[in-house]
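A, B, C and D label the chains in the order they appear, each numbered from 1.
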Amino acid sequence: MKTLVTLVLAVITALPAAARAQSTGLAGTWELALFRFNEPTYNRVKFEVSGESVTGKSRNLEIAGTLRGQILEFEAKNPNGRVMGKFKGTLSGNEMFGEGDASGTPVRWTARRAAARPSSPRTHTFEPKEFHRYFSSAIPPVLRIAPGDTVRTWGVDAGGTDSRGTRRSLGGNPQTGPFFVEGALPGDTLVVRLTRVRLNRDSAGSGDSVVPTTVGPGYFRNAKRAEDFDSNWKLDRERGVAMLAKPTERLKNLRIPLAPMLGCVAVAPPGRESFRTGNLGSWGGNMDYNQIREGTTLYFPVYHPGALLFVGDGHAAQGDGELTGDALETSMDIEFSVDVIEDQDLGSPRAENDEYVMAIGIAGSMPDAFKRATTEMALWLEREYKLSANESAMLLGFALRYDVAELIDPQVNMVAKIPKSILRQIGK
Amino acid sequence: MKTLVTLVLAVITALPAAARAQSTGLAGTWELALFRFNEPTYNRVKFEVSGESVTGKSRNLEIAGTLRGQILEFEAKNPNGRVMGKFKGTLSGNEMFGEGDASGTPVRWTARRAAARPSSPRTHTFEPKEFHRYFSSAIPPVLRIAPGDTVRTWGVDAGGTDSRGTRRSLGGNPQTGPFFVEGALPGDTLVVRLTRVRLNRDSAGSGDSVVPTTVGPGYFRNAKRAEDFDSNWKLDRERGVAMLAKPTERLKNLRIPLAPMLGCVAVAPPGRESFRTGNLGSWGGNMDYNQIREGTTLYFPVYHPGALLFVGDGHAAQGDGELTGDALETSMDIEFSVDVIEDQDLGSPRAENDEYVMAIGIAGSMPDAFKRATTEMALWLEREYKLSANESAMLLGFALRYDVAELIDPQVNMVAKIPKSILRQIGK
Amino acid sequence: MKTLVTLVLAVITALPAAARAQSTGLAGTWELALFRFNEPTYNRVKFEVSGESVTGKSRNLEIAGTLRGQILEFEAKNPNGRVMGKFKGTLSGNEMFGEGDASGTPVRWTARRAAARPSSPRTHTFEPKEFHRYFSSAIPPVLRIAPGDTVRTWGVDAGGTDSRGTRRSLGGNPQTGPFFVEGALPGDTLVVRLTRVRLNRDSAGSGDSVVPTTVGPGYFRNAKRAEDFDSNWKLDRERGVAMLAKPTERLKNLRIPLAPMLGCVAVAPPGRESFRTGNLGSWGGNMDYNQIREGTTLYFPVYHPGALLFVGDGHAAQGDGELTGDALETSMDIEFSVDVIEDQDLGSPRAENDEYVMAIGIAGSMPDAFKRATTEMALWLEREYKLSANESAMLLGFALRYDVAELIDPQVNMVAKIPKSILRQIGK
Amino acid sequence: MKTLVTLVLAVITALPAAARAQSTGLAGTWELALFRFNEPTYNRVKFEVSGESVTGKSRNLEIAGTLRGQILEFEAKNPNGRVMGKFKGTLSGNEMFGEGDASGTPVRWTARRAAARPSSPRTHTFEPKEFHRYFSSAIPPVLRIAPGDTVRTWGVDAGGTDSRGTRRSLGGNPQTGPFFVEGALPGDTLVVRLTRVRLNRDSAGSGDSVVPTTVGPGYFRNAKRAEDFDSNWKLDRERGVAMLAKPTERLKNLRIPLAPMLGCVAVAPPGRESFRTGNLGSWGGNMDYNQIREGTTLYFPVYHPGALLFVGDGHAAQGDGELTGDALETSMDIEFSVDVIEDQDLGSPRAENDEYVMAIGIAGSMPDAFKRATTEMALWLEREYKLSANESAMLLGFALRYDVAELIDPQVNMVAKIPKSILRQIGK
């Protein structure tokens, strides 16, 4: 047990001292890790001190206790006044550690003082060296950034090749990141604004056939395959179109409008879960949704301190469903800014652009993904706009649109979206 | 057996004599009904006569025989030269009847001379008196029209109420029709152009809650219902918006753009199948797709002589999926023209508007409806544009969009659509 | 309107006078058909007469009125005392007819005196002459039987061939029946005991390949087909096994145990719906469940007066799911007895044998069929055994078994079953 | 890169020297790890040496080269004679390491001499101290065992409590293991025989309600919940039944037959994937199938050297589908033996007992799990019994049965099973 506690302590205290708030006492905001059977949960605690008396808040818990010298003792009560935990520990500069009891289970805990938000946002240019084929909290962050900051970086294509045609990784959507966002804790929402998603080379590749699961069982029995069909594409960034590099006679005039997007944006999945970068879930991942593009803002539930943001899998264009199993796969220049909404606990990713608010429904089948998207949208409308179920039903029934994001990854992605023009009529 | 044969003969010969071609011999096009175990199949046969010698064609069958006086004898051979049937009968003006043998089974047959296409299209104004709650070939046609003709009519709302608020039928999408289209035979395609779909009253009704199957199983457990929520709507045809007739405080400014559409367009389903007008299938029906509106052209497989076209279930507006179980239900003025494409055998309905060609996928579940739409689109592209499976995959992968038509009827409806701008690049 | 009313009156009064109760006044049980916009609903009404005063009951409605001479007037009130309808009519022997108002809608009505249950059950031997390829209330009944009666009959195989190898119908599961069961009304349950389901010939046919929708999309790409594979079977009724008639070398010793069953048992579907005999629904139909065999009792919701029972589609044996699209298809000797449970309104078919009580879940997809079966079983346990939802959950969680009945028909059939040995521990 | 290579080398050479084959030269079997972009693949190579000349085999690759002193050089050719790789390295006792080129990509490689199979199987008694809540190859093995060996151990219940009622872990199916099976390499099959699965305490817990996704959306709206329902169970091991510890009046006589089983048996999932122990996949895991019990043999695809076997999640009894979300959860005594089938590459788990051979179909939805199980069974029959697709269809169509294993975990599990009595008629 000691190892993990120490490790986590090391991770959450790895911040350069300069970035830390200078307050030296207990007062202020702390990030507290609570260990039961060696497994951490995280809490943001705001302490106030008056003499030896300590009060505080952590979500819906009220905290009360004492600080005598460096020795802190406190209880946490839920809104019904029930004691949920008793804790004792030692304050040591920007860190604390101690023991306690949570709902009858003995626990250990550590805490670090929350980083102060920088006075002005910074822009980081990040040159990736390694690319990651798993969404996992076990991968050390490559950069620590603050809410409000912007990152300029780039990603290889799904096969691991960069803008100069150099193979940099095995394939399967290798990712750039993860980026550690200061102040993001489990239970928060990470905001990711895609400020720039631009092509950086003139070629893309794609599958040359539809994925068998997207057509009826008899389709392939009679399908007429072309010999030596070449599904490499040329990207004409000036004219904004893609064309087959070596087209067949019938497709020689085919011009697909370029619409650059990111197949993958993710935070690290919960706990020690680790998924291949072809996968997706409530943590985002390989969502393959053609509306995740420059100008789109994404919202993710946070599962780890720092959120651990990944980006990758550039597509020059993609139809609904990603029927060929991959899109026009290419490397991409990526710029994004981040923010954190404290104590807003999303169940699944959301997105937003100028026109729509979108609920992203990810599940093991189309019907379940559809229900997930619909339910998340209904709940969001009811929460954000203080609507009854009947009122939200009117918006769902007469203003909602669906997008089929993708149907060929390990999970299905269906999106429910509602026009902002309608939402403006309601007002918050 | 006699009864049915006689009945069918009566039906297919009920055309006013004036509309019939004047040719008195065998030469020309005939509609032939073949009865095995009392069940008819239909064939279009084109005869040529030279002396006593008769030749002809019926789809891919070659016909050869003799006409001696009024006695006709002929064989039908498939492209491999194999005799598929031998027939003998009597010519009697614009009718024939006889017996024969089809692939070893004894058969009876009747035929009538095909109606000539009128020299110029007509416009019929049809005032409906009865409304039908089943899609069925057992319902006698209300009007016989010719390819090219236009019909001006109207429909009650899903509950059976007309534009003046008079209840005219029980509910469940009562239909106007069926219209018998001369010359349409099983194996053909019926073309229906919706030239006018317009609101004719100022009120609509809708469900007041989402259908339980469209949300997750936990949604309703916590849903906050409004007391006495009123889901009647006012339609402001001048401003082109719908608003709740008695809105709650939160929804008092909600304005849904009017987008009139028909929930139902159908031909009679195969054989003696009869479905409630809430149902849908390869014959169309309650497709509840918000793009079936003025300016849309629909294509249906024909299952009966005359196709037997139904229209109804006007919606003033409808979101994707028809989540409240019904849309803004209202009566509607409807105008359409029809045409017939001979010997084009669609497996399921198609649609077309200025922007898109659409394949309508109807099945028992979302995954099956999605595969159906995708497969029909792939096959259509390959057939119409002479593409290989790899070539069609490029269009599907990078230009296809899906619409979720509806998810709450007995069958699911998912639509695959491809921009005409892309198709123009291919050329036929 | 008159036509239909007259017709229905004719149908429900077609019973031989001898079978009718002899009571000549109003007192007793009547079957009343109520017509709104020409569409009937049916009610069982029990009248009592005291002087000119009339009281009665119809389900949860209380009836009160007067009979003056032959003129009957009455009101029906629901349990809250609200008047649901007012009726006036004329008594004429065993018939009545009149007009009225039901919840504000004008109605016409007819009634006939309910047939008395015969003093002792009869056994009918029925030799079928026609076979029906639709489940539909439009087909005239072939025999009128009473609750408790037994019918001995037989059915052709799915292709229409009888026990002597004579083709009697086109294929697609042609049915024997329909049988009109006296006293069965919509809202009742029809009980069908299969007392004898026996092979009557020595041959069966089957598909020679699995249905494509039952395997993964890649299966057929690599499947090795045998040339000239013959899937005709020989039935050795003495030894109780089926063997291929012309087996391949590898399958020459294959012996499938005979387990005769009926693919189809059905009542007529609601209203004027008509389904091909390959279809299934809440009215039963082509359920293709290998436990519907001699010794099984079936329960169906009744949708029409007389229920209109169909039987057919004999299988000599069938694996779960009916993967080859048909089973060992053969003609069958069939004997069954019937009964009626008044005012028990099942939502879907149920079955029972010595070992299990079964809820038959029919829907458009496996997940929906599974949920339907589970829900019907839970509701049945709670209703029949007066269990709370937590109590029924204990039985579902630890004693329930599922059978995959079939997956290749227009609807999926999944069965939930619970051992009677467990139910006996609960007691009613 | 160095780190991982060294680490892997360390892992695969951690075997006690005593267990190694004593041969000191190159001849014999080696386990070779090939690293591309830092990611290993594993190969079993059998070398023969004749003078300086070296030949060998690795699956379908032919190896030829030279050994001069300790310096080994070789090429690997596929069956078409194409060179798939060129390698050079150094022999150092029971280890080798080197570099090379595989299909144009530079690689590094290490190898260790394969452990010899012990002359007689051993029985290990393993007392677990830690329990793991992830299926992951990142967890160090707790014991190294050889093919043929038996392990006697035990597992905590799904909540982490042992046979004495002591909480040993957080909940979520904490596992015993992983066990490293010498000689198992990716591409092999791990065989696990459950020789003993026995209850070791007198209590179990279960959910008190069905999981909402297993019933229709309206079920819970009307469900009558019992107050303070207690779903703790008493296990009467002598009589072989479970009963509610504090039963309601209605359930006081309910006795569920004990049928102990393991909810979880797994190998480590591929690569660095890590799944919570509630999950399942081609690597097994939380399969929750009530036929995984004493006497059952399981077969798993191997994804890592040593396979890394986990066991846990004892159930005293479980109905089909695990409808309450958990079964009768209890701790369990577990004994199993292992074996390895080299170069047999299963796509998904299989099982076998006295009566049936079973294909375990795991997927994101019921239809996909069903198709997976059916397809795996068809392919297995065709491969093992040398059947054509038509011949396997006869077995699937008339002898196959399905079990609904579970429907409430992150993936669905459906099992296809075929009687051994039928298979014996075919013979291999």
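Note that in this section a contact is a pair of C-beta atoms (placed from the backbone, for glycine too) under 8 Å apart; a residue touches a chain by one contact, two chains touch by 3 or more.
Not measured: the values here are computed from a predicted model.
Here A-D and C-D were compared by C-beta pairs in contact; the pair with more is C-D. Greatest centre-to-centre distance from chain B is found for D, with centres as Cα means. Each chain gets one centre point, the mean of its Cα atoms, and the points for chain C and chain D are 46 Å apart.
In this assembly, the C-alpha centroid of chain A lies 53 Å from the C-alpha centroid of chain C. Taking each chain's centre as the average of its CA atoms, chain A and chain D sit 32 Å apart.
With touch defined as above, residues shared between interfaces to two or more other chains in chain C number as follows: 213, 215-216, 220, 365, 367.
Of all residues in chain D, only 206-210, 213-216, 219-220, 223-226, 229, 231, 242, 244, 248, 250-251, 253-256, 317-324, 327-328, 365-367, 370-372, 374-375, 378-379, 382, 385-391, 393-404, 407, 422, 425-427 touch chain C in the complex they form. Against chain C, the residues of chain A that register as touching in their complex are 212-213, 215-218, 220-221, 365, 367.
By the touch criterion stated above, chain B contacts chain C in their complex at residues 36-37, 39, 133-134, 136, 138, 160, 169-170, 271-276, 363-365, 367-368, 410-412.
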